[in-house]
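Two complexes, one shared chain (subunit A), two partners (subunit B, subunit C).
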Partner chain A sequence: MSSPSASVATPIASPSFRISQITIWRVLSLILLFGAWEIAGRVPISIAFPTFFETMSSLGTMIIDGRMAKAYAKTLEPLVIGIGLSTAFGIIFGVLMGLSRKFQWIGEPIFIVMQAAPMAALIPLVTFLYGIGVAAKVVAVVILAAPIIVLNCFRAVRNASPSLIQMCQSFQGSQIQVIRKVIIPDAAPMMFSGLRLGVAAGFIGVILAELLITPNGVGDLITYHRSVAEYADMYAAIFSIVFFAAVTVGLLEKAEVTIFRPEKKGAA
Partner chain B sequence: MLKFSLSRRVVIGAAAAAFIAISGTNVSAAGKSEMHVAFGDVPGADMLNFLAAVYRAEKRGVKVKVSYLQSEDIASQAVVSGQADIGVGTPYALIQKVKAPIRMFYQLSALRFFPIVNVTKYKTWKDLDGAPMYVHSRGSGTEAIMNLMAKKNGIKYASVSYLPGSAVRAGAMLQGRIGATIVDSERRRLLLRKDPNKFKMLPMPTINASDEALYANTNFLKKESAAINILLEELLQVWREVNKNQNVILGMRKKYNLLPDMHKKDVKEILPYYKETASTGAFSNNGGGAAAVKGDFEFYGFAGTIKGDPKSHKIADYWYLGPLNKALKKLGTM
Partner chain C sequence: MAIAEQNTIPLAAPTFSDNNIVEVKGVSKFYEPDIQALLDINLGFPKGQMTTLLGPSGCGKTTLLKIIAGLLEPTEGDVFVNGQLVTGPGPERAFVFQDFALMPWATVLRNVSFGLELRGMAKDERYEIARRYITNVGLEGFGEKYPHELSGGMRQRVGLARAMAVDADVLMMDEPFSAVDEQTRRQFQEDLLNLLSIEKKTVLFVTHSIEEAVYVSDQIVLLSPRPGRINKTVRPDIDHAASSDEIRRGKNYLDSVEEIWHELKGYLE
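Up next, the complex of A and B:
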């Protein structure tokens, strides 16, 4: 039994008030996390664990002296190539699998196995087949990113609205028109989600490859500074890649909401 | 009844006291219940001499647990955090930069690596001028050796790339992906055996620096001095026996049942490995000691692992030689 007055009294937050509240909570969450880090470093929980401010100071130095830029130039090369290849072939293959049962039967088991396979265990095979250069790292990115992109595209196409497809067909739409004007636009949001998750997996792939195949780029910063006990520099490199990956994936999510799900804008 | 009961309690109490006393003797001789050693490598033929010494120490009441971790850095972190008692490696940077309360106390082996080239591409050091070079990792001993040799021969590599693991670099050499690198003795023999006409070792002077040393927390070294002393005595004995006659290592493996699951192919490599390593003087008869530390200061200073003038470093800041000197006093120096 709710009285009419009670429902009237409920305040309706304006979108700008809601966004500023979200921002405050997010900033508080970060302050809490970094504060805990600072305390853990000051205790210290380990002599190999620097404080948050020491790490940020190292990060600043590494940005100014150019070490970060140099490392990221090397790390981004296989990442961008790998994500590019995974996106191009992943979308094509995923759509084909969604449209044709034969493609599905051929492709689905392969990509499911790829998705389930522990990447680190495949590194010896990758280096044996593709060597120790950029090609091996690109393959590492593709192995992690492609299955997510392909399977998301496949499921998006397969689950395209049957009523929209029937409507298009009843208006004498050709098979190509059904795909171009109904299936692809309807599947696009889920396909973009797959791309976002694929990029996140790509970051894991490239750093794994840099740690396990040839240490260069950000992986080299991590291993080198660990080996010479410069832990603030090591954590700065780790922090930078986590931050970079989070920002990239966050921007992709924002783009996804803006382009494909405008109704959810401001609700996150 | 009460008298009987009391006397029974006295007997039980005396028995318990005797048990504690006996156990206490054992503990004081053998240290704590178990000594945990962390290697930063997979078990292999190169660890047989250490495992033989451990077996003998165990016979004298020192219980040792050996773990094999993914890298020396992880092993050192395990020691610093107290998850392992003894680590294997050369943690100079850790001691100097973060003032880790650990000290090295026994040199297991000196640094012995071998520059090797594919003769279809390079034949001498001079040919490596402007060539790409592949070493273990940035700041590693292998990089320092190759930089030292480049300096000595007045050459400059086009680039220095990092390929962790001698096995990985040897594999890349066999596949023809790289033309020059530096590998350990096992992989040097592998390459020369696979294709002696294709691979060649480049000449290199002996480098006096530790490759692997035992280290532990200073508190642990002082608290468990009796157990450490037993372990060091056995290490020195085994090292001397191996230096005298490398065949003994096969007998030790069989007698003590060490690494029984080794593949037949790897078993064949045991003797050549020990013959070659012993011939290069990599196994010190006296556990390294002060002389080895001075060599480390020079070499790791050049490598950039230890900062500052090598002459300004103090041995006591990095090594704790008390237990080794005690063991040498008993066994004598060679």
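Up next, the complex of A and C:
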């Protein structure tokens, strides 16, 4: 056969050039954000609103004197357990719901109600059942994260390409092979976006639990410093948790690309 | 996908001509009680030849092809391949999909070797076979690319290479060229004919284009509007040793196009 008439479109810029371009714009966006913060702090819009640099210096101090490490040790344990449970449960149940109508009929109403309801309002009630220990925080994480993860996995699997499934069957792929080699990778992007939203919700859950039920961890760091009017310290704690959540969600995206969707590498 | 137990054939024992690798016996298909896609199709596909299904949109061409592929179950009737009753997809049949059906997360190499991967063949072995077919369809050097980096015509070549790689006797192609431009399409027709003259496959082909059907086929089956019935079989009898221009100006080619067009025009009334 002769070579095909159409050729592959070559990107105008080389990938490394494109990536460094992207980095520049991203850094610029952060500079704008932090610059605006610094200015707002200097005006000042409120005496309870420190500048960006004051906040960063507090953050440095808190990291060095170990307050951050202590708070994060308290916050991360229930967060990791809760996210782990929600993910395992969410993926298994979501995939089952996607594959079988019976599981769908059982699960869908429950999770849709859970996702729609303001579950955060239930967090104080968790205390009655689980006290104020780690278990209560884990439950707070799970009730916020699990419905999102389940529903996204379910929709992802249900929407897997019928044409790819049929292709796999036409080459005599078994039911297991169809699920493993076609449905899961095809559903991966949507499952991971559910996971990212779920993890973000999990962060909300654990912080709410610390604000409302169990006064320790990062949530308590925020409440405590507000109560003694150490606003730079309070914002440092808030900044740290936002930063931490963003990094975690970013890492999840990396994992998705590496494990399931290598074709998206460099597409950013 | 397993096909449920088939009704036994009405005991007029099917007579297999040695010539036909695929036999369709009394196949009807209802999608719903009131949607009949196919009506009593009886058809033989001669070994080593290219048979084209031609007919108006919605007449059941895809349905028939998928029934032969074992991807759909007929409501009535049976399909035999090499004399064996079809109960599902089999290794002697391979499908080329209209929408390519390539896995976007897999390289060309993995896509082409996917049929072999499903059979559990070792990686080195299946990649070696896949590389050979990638070269055969004119995609040498594109093995590590992903589908989104290829043009429509190249993607369909990947689909073709994947079907060839499992070394099936019967290739089923559902409008394989409908998503590519006319120029690519003609190039592709040539390439397909060349490839088939080497590989000796039986091809079941679906197209909307009368010219394409006449150009590539040994036998053309005209289906009526829904429910699809076989109205006529045309054998263009074209000498493929001639150049493509000679063929397209030849008497057999023009007569066949005319004959088919006349037949299809009848459906418009």
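Please note the rule applied: the second predicted complex is superposed on the first by the 238 of 268 C-alpha atoms of A that agree within 3 Å, B and C clash if a C-alpha of one lies under 4 Å from a C-alpha of the other, contacts with A are read in each partner's own complex, and residues count from 1 in each chain.
To be clear about the criterion, a residue touches a chain if its C-beta (ideal position, glycine included) is under 8 Å from a C-beta of that chain, and two chains touch if they have at least 3 such contacts.
Just so it is clear, the structure is predicted and the values come from calculations on it, not from any experiment.
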Partner chain in contact with A:260 - subunit B first, subunit C second, else both or neither: second
Touching partner for A:46 - first (subunit B), second (subunit C), both, neither: first
First (subunit B), second (subunit C), both or neither touched by A:185: second
Which partner, subunit B or subunit C, touches more subunit A residues: C
Which of subunit B and subunit C A:223 touches, first, second, both or neither: first
Partner chain(s) touched by A:54 [first = subunit B, second = subunit C, both, neither]: neither
Touching partner for A:167 - first (subunit B), second (subunit C), both, neither: second
Partner chain(s) touched by A:177 [first = subunit B, second = subunit C, both, neither]: second
Touching residues on subunit A, where the partner in the complex is subunit B: 46-48, 127-128, 131-132, 214-216, 220, 223-224, 226-231
Residue numbers on subunit A that touch subunit C, as the complex places them: 1-9, 161, 163-164, 166-174, 177, 181-182, 185-186, 188, 260-263
Residues of subunit C defined as touching subunit A within the complex: 1, 69-71, 88-91, 93-95, 97, 99, 101, 103-105, 114-115, 117-119, 136-140, 142, 145-154, 157, 166, 183-184, 187, 191, 194-195
Complex contact set, residues of subunit B against subunit A: 73, 77, 80-81, 91, 93-94, 96-100, 137-140, 161-164, 168, 171-172, 175, 177-178, 304-305
